[in-house]
Amino acid sequence: MPAVEMRDIVKVYPDGVVALKGVNFIVEEGEIHGLLGENGAGKSTLMRILYGEIKPTKGTIKLFGKEVKFQGPWDAIRHGVGMVYQHFTLVPSFTVLENLHLAMLSLNPKITVEEVEKLAKEKMEYVGFKVPLYEPVEELPIGIQQRVEIIKVLMGNAKVLILDEPTSVLTPIEVEELFRTLKGLREKGITIIFITHKLKEVKEITDRVTVLRRGEVVGTVKTDEVSENDLAKMMVQRDVVMSIEKKPAKPGKTVLKVEDLWVKDDRGLDAVKGITLELKEGEILGIAGVQGNGQRELAEALAGIRASYKGSIKLLDVDVTGMPAIERYKLGIAYVPDSRKVGLVYDMNVTENVILTNLWGVTSSKRILWEKANTIAEDVVRRFDVVVSSLKTPIKHLSGGNQQKVMVGREIVREPKVFIVSEPTQGLDIGATEFIRKTLVELRDKGKAILLISTDLDEILQLSDRIAVIYEGKIMAVGKREKFTLEKLGLLMGGVNA
Amino acid sequence: MPNGELVGKAFEIVMSLAIAFSVGAIVLVILGYNPIEVYAILFKYGYGNVKYLMNKSTPLIMTGLAFAIPSIAGVFNIGGESQLYVGAFTALMTAYYTNNPLLALIVGALAGACLGWFIGALRVYRGINEVITAIMVNWVFFYVITYLIAGVFYNPQRPHESIPVPENARIKPIGDLSVIFSIAVIVALAYYYLLYYTDLGYRLRVSGLSPSSARYAGFDPSKAVLTSMLLGGAAAGLGGALLVLGITYNIDDMLSAVYGLGFTGIGIGLLGRNHPIGIIFSALFLSGLIIGGQWVELKTGAPPELADTLMGVIVIALAIPYVYRMIFRKLAEGRQ
Amino acid sequence: IQGETSPTATPEKKVKVAVLFDVGGRGDLSFNDMAYLGAERAKKELGVEVDYMTPKSNEDMVPLLRQLSESGEYDLLVLIGFLWTGPLNEVADDYPNQKFALIDSTTGKVRENEVDILFREQEVAALMGVIASGMAYELGGNTIGAVAGMDIPPLWKFHIGYLFGAKYFEKKTGKPVKVLWQYTGTFTDTQVGYNTAMQLLQQDAKVLYGLAGLTHVGMFNAIIDWNEQGKGKALAMGQDASQEWYAPKYIPISGAKRVDVAVYKAIEMVVKGEWKGGIVTLGLKENGVGYWDLEGVREFAQFAYEAGKLKGMTPDEVVNIVKETREAYIKPYVWDIVNELAEKIKSGEIVFKTPKTHEEYEKIIEELNKGNLDAALEKGSVS
Amino acid sequence: MIGDILNIISNTLISMVPLTLAGVGEIITEKSGVVNIGLEGIFILSAFTSTVVTFYTGNPYLGLLVGVIVGVLSGILHGLISVYLKGDQIIAGVGFNSFAYGISLLALVSLWHSHGSSPSVNKIPMIIVGSLSFSPLTIVAFLVGFAAWWWLYKTPGGLRLRACGEDPRAAEAMGVNVYRVRFYATVVGSALTGLGGAYLVVGWIGQFTKFISAGRGFIALANVAFSNWNPLMAIVGGLLFGFFEALSIYIPIKLQEMTGRVFTAEASLFRTIPYLATLVVVAIIMKKVKMPRALGKPYIKE
């Protein structure tokens, strides 16, 4: 008897978008089942239906042979379905413990904080990582927030566990740990549905895979019986080149010079502690590190969104320390933040989001030239293959990956001289990932300087000409790409000076 | 697509109104009144005297904007009330002492803007929630202006009134055209343009929707708070100025000429969906109801509060466009 | 009773009147409610048709007046309250065929089509001042107070009269009286009236005069609490309508201001074809102001009774209680002073000043406080 | 002098009740993410209905109960509109204020042929300690403030409720029925406001008048912001405003009593004291604002 049996699922969103067109999705008990598909294929939608968050327009769901109709997630949780979202669903201002408590209440309304605390500690022991229980979630790095999510779901004793792109923000070591945990759970008979864009991971961990395409199932296959290339083909119906052709870099003059920079985080603690960096024309400098080691603060200080209290930043021979962000953008800096919540205005439409960081580019004497803005937006949508029905669609109605494309794409089309980009391929499908990476290399070849901040070491190793490793607000090491291996990076990121 | 959207919007509005008036009719029947008679009077008199209607809606358009503009930038301005008071008062003083209506309008708008800015500034620089400030400031100015009119700037001929706007500083209609209404409409259009066609408006909107995105884009959300309160306050202040220069020509010492216009503005702003063009229509709509309500009392003998009740019901029924949209969608689906 | 048989079989069209209230509308226990009473009486006794209207705001007054005048539908427009002064002044000349009656204010202009009816509130307030002073002494104190609404011209006149009355009492009896006059800044906030009264009572005021519409309803309730919580003994006085029935044990007397009579008179002039434009002032002599006698008290208690407001009491019981309290607290010597003063006023021996400006008003109050009673008088002298 | 002080304190304790009850109620509502600016309307409607019931039964406690019930009904209406029908919460509140005023007055007219005030009704006796007097409801207001604080911050139910106001999507994903919680929070908040409205009559004035709430609903709204959404501070807010209001009345009377100087037009200036003082106090004590993040936004799932 299958654990999950979703039949003929159709989903039409209120704005008329048909996200699922009669999907059949069957997961056997005790397997890890991969769910693959391009951005906007309908993966999240399908899982949100299974989790009871939204209702299907048509179709039936059976759980362990019994038909269910969930009234809401609480209903699903009681039936043993747990979910870790692509965008985390934790209450930001609550502490971790409060969040865990909140989640546990839907299972056991009588549970006390002490019990939750005990249980949480047990589970942390069990999965082998720790999260700080007494800090507000919003003050934690995304990677840690994700761990909270996983602990949370595990504490709920879910029989079916859904993970929507869980690895996109984890380091390889963390991913390994996660996989160990998942395998352990499988042993205990827990059924796991795993969404990812990384074929390597699919191969590594799943037993079977279902591939979705434009709201329809392309097929369900045993993982052992297919190669990564087969999967890629099923997804995008063409061959995908997995490695990028990259000519050696021809670095030019220094365009960004950071000296002894000190920056505080939101809590007022030092997050960047005396960083010195140089970035040259025509090179990609990768910054590797575990989330929360000062990358965000560094990037924001460079972009001018966050004040540095010591040190200097020089851009193209101009001292920009203390210069407002918008002035820096005008000088040719561009910045892609690691959070879509920051980079995008969810309630604005595509065009309005595209001009967010390029306002002066579409205004003439304070007037917004909407024609021009639309042209640029169209350009972004076309070049980056954004799946969207109209430029007037609110960005919140786009799938995660398509939002990401808009956020990165709008900066790329500006052809910035200095491009600070954080997690550029977060949540993108392989085709889009490949395209964005290729574009970054092209920019480099045009002589632009790129500062690539990523927790994805493959990405760092694949794209960077030079690499700097950041740990607790300091640069642990910096050097040519060739000097680093995956293992060495992993150690350095953990603070071990090998 | 845009065509369908437009049809949808229009349908939504028509539907909202139809349902609102139906609910109102039910309430009227329950209360023992003949809805057809009441509505006939309401519409005939409420919307029949165009000049009156235009004048009546003039200050309401302005206080509607006073709520809407800050609201778009994420500020809840219930201080339109006092911003209108100071606008009316300072415009009156200016007109009295200079005989210059244009200057009076400017001064009134500036005074309102200053007060709006003050509320915004307390929030930005002192972290004081604008709701407290606005409510407190409303009452403070109510009493201060009461004092100034009753005790200082009263009209010696008619001591319950303030000194009047001099004859040559009054803004009179040109033929059948209400000049003050035209000014209000022009201001609303200007605000519309500002919000949707200029970079300032864009910044305000981004700041209101997502302050962190605004910061990322290099806009200062605090500035948006201040600017929007400045713009909103200016609108309310100008509304007060237009009221005294174009309609009442003085303020009575109980402030009955100005009292309540700011609060009504909140409803107007929201019914107009915080959109300047929408606000023009919602102000006309509500003004008609208010005017007509007075005649319902005269013609049917119903207590004047019947109009308040009816208006309340209609406004509540207009609060739920989502439902009508859903019904519209269901109907559209059904037809397919 | 005489009006029961209205002019029957009159072939000509019924006289039609519109009564336009003040912005606050009915329910003020004061001139709006009194105007309604007068108009309703006219309806019954003179057989006229009356419609009512409450303007929403000051800005509605001019357009409404114009529209009503233009329609020619009404033989008379009765405007209640001083807020109509300016608007009427603005439109009256444009509609010479429309008759207007302005109650409780004047445009200061004599017009063919306009009657302004005013009251000499000082006269009633002076009597109330004497009575309050007398009652305060019966209650073992020498302080009287007033819970007043906003600082507006009609209240200036009450203030002058009340203070005059207290000082007059002082002069006649040699007993000092202290007056605490408090503007609450509102005619509507009942709780402020309650709190204000409590504070005045705490300052030893024994009798409070309510001059603030719904605000002084709160004052009545404070008086009740003050007595019933054993904090002391104190009494209240109402104004305009007879308000004794609210709490007959604690409200022995109310001042009258017969807006109803004024409205009735204006309508009567039209019905009887005796219309004459001009300014009319009603005082004690014309029965336009005064204090409510027991008949009046009974009449209003009857209204309350019919509306179901007099729970467990009959109008007669109300009258009896009021009668008893009056006898207990208003001693004959006080009535003597009241009657003597009333006589002087009625005979025209003394005439009160009506201040034209705020300064003049303050000046009069200042002089009165110094004991200079003549400062309040236009004509005559009491020294 | 000591009598004066006790009198001011009595005034304060009596005036604080509706501000605190409605303030705490609104805090509960807002903590769940719903704004109800119809407090003024609830005040009027519950004040009126409790007057009617108390008048006919003679039992002010029953009047109080009816006030609460009317609060609950108003809350159900507002909850339906703002939670389930995803309406605009502010418009609904503005409309409700107008409706509640109108309907109460219409009923007043048809019941007692009066446009302004009802007859007097029995009141809940005040508690008198020496020359200090306050209402039993004063104690209730304190208790409600404490209880609400304890419930919001120390119980699972409170945790759920706050989650709905902070991040409804996350709350929903963690198994909270956001609609239901918001709905109940609105109902409970309105019920407390209803209690405050009934108090205006059966606990304080003993009579319904046309403008019985006289803007107190808005002051209660300000109290919510003043308290920084903390029920304990809402008690303080109520006391503070009540105190300054009493003081603003006391000062001119006392000055007049001592010096004989009458305040005429300047009386208005004294009336600004409570408002100015509140602002000043807020400016001094204000810390970081802890407004619920999802406040006022309808939660639409898809």
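Labels A, B, C and D are assigned to the chains in the order they are written; within every chain, residues are numbered from 1.
Quick note on the criterion: a contact is a pair of C-beta atoms (placed from the backbone, for glycine too) under 8 Å apart; a residue touches a chain by one contact, two chains touch by 3 or more.
If you want to know which protein each chain is, UniProt gives these names: A = Sugar transport ATP-binding protein; B, D = Ribose ABC transporter, permease protein.
Since the model is a prediction, treat every value here as computed from it, not as a measurement.
The minimal number of chain-to-chain contact steps leading from subunit A to subunit D is 1.
Interface comparison, A-B against B-D: more C-beta pairs in contact at B-D.
Subunit A and subunit B, compared by their mean Cα positions, are separated by 45 Å. Rounded to whole angstrom units, the spacing between the C-alpha centres of subunit B and subunit D is 26.
Once the centre of each chain is set as its mean CA position, subunit B and subunit C turn out to be 37 Å apart.
The geometric centre of subunit A is 76 Å away from that of subunit C, both derived from CA atoms. In subunit C, 25-26, 150-151, 185, 358 are the positions where the chain touches two or more neighbouring chains simultaneously. The set of subunit A residues touching two or more other chains comprises 14.
Residues of subunit D in contact with two or more other chains: 105, 115, 215, 264-265, 268, 271.
Per the contact rule defined earlier, chains pair up in contact as A-B, A-D, B-C, B-D, C-D.
Only residues 81, 85-92, 94-103, 105-106, 109, 115, 215, 218-219, 221-222, 224-226, 264-266, 268-269, 271-272, 275-276, 278-279, 282-283, 286-289, 291, 298, 300 of subunit D touch subunit B when the two sit together in their complex.
Those residues of subunit A lying in contact with subunit B across their complex are 14, 303-305, 324-329, 335, 337, 341-348, 352, 355-357, 359-360, 363, 366-368, 370, 389-390, 392. Interface of subunit B with subunit D (complex): residues 31, 78, 122, 126-129, 131-133, 135-137, 139-140, 143-144, 146-147, 150-152, 263, 266-267, 270-271, 303, 305-323.
Within the complex formed with subunit A, the residues of subunit B that make contact are 1-2, 196-200, 202-203, 205-206, 209-210, 212-213, 215-219, 326, 329.
Across the complex, subunit D is touched by residues 25-29, 32-33, 150-151, 159, 178, 180-186, 188-192, 194-196, 198-200, 202-203, 213-214, 217-218, 220-221, 224-225, 229-231, 246-247, 303-304, 306-311, 358, 361-362, 365, 369 of subunit C.
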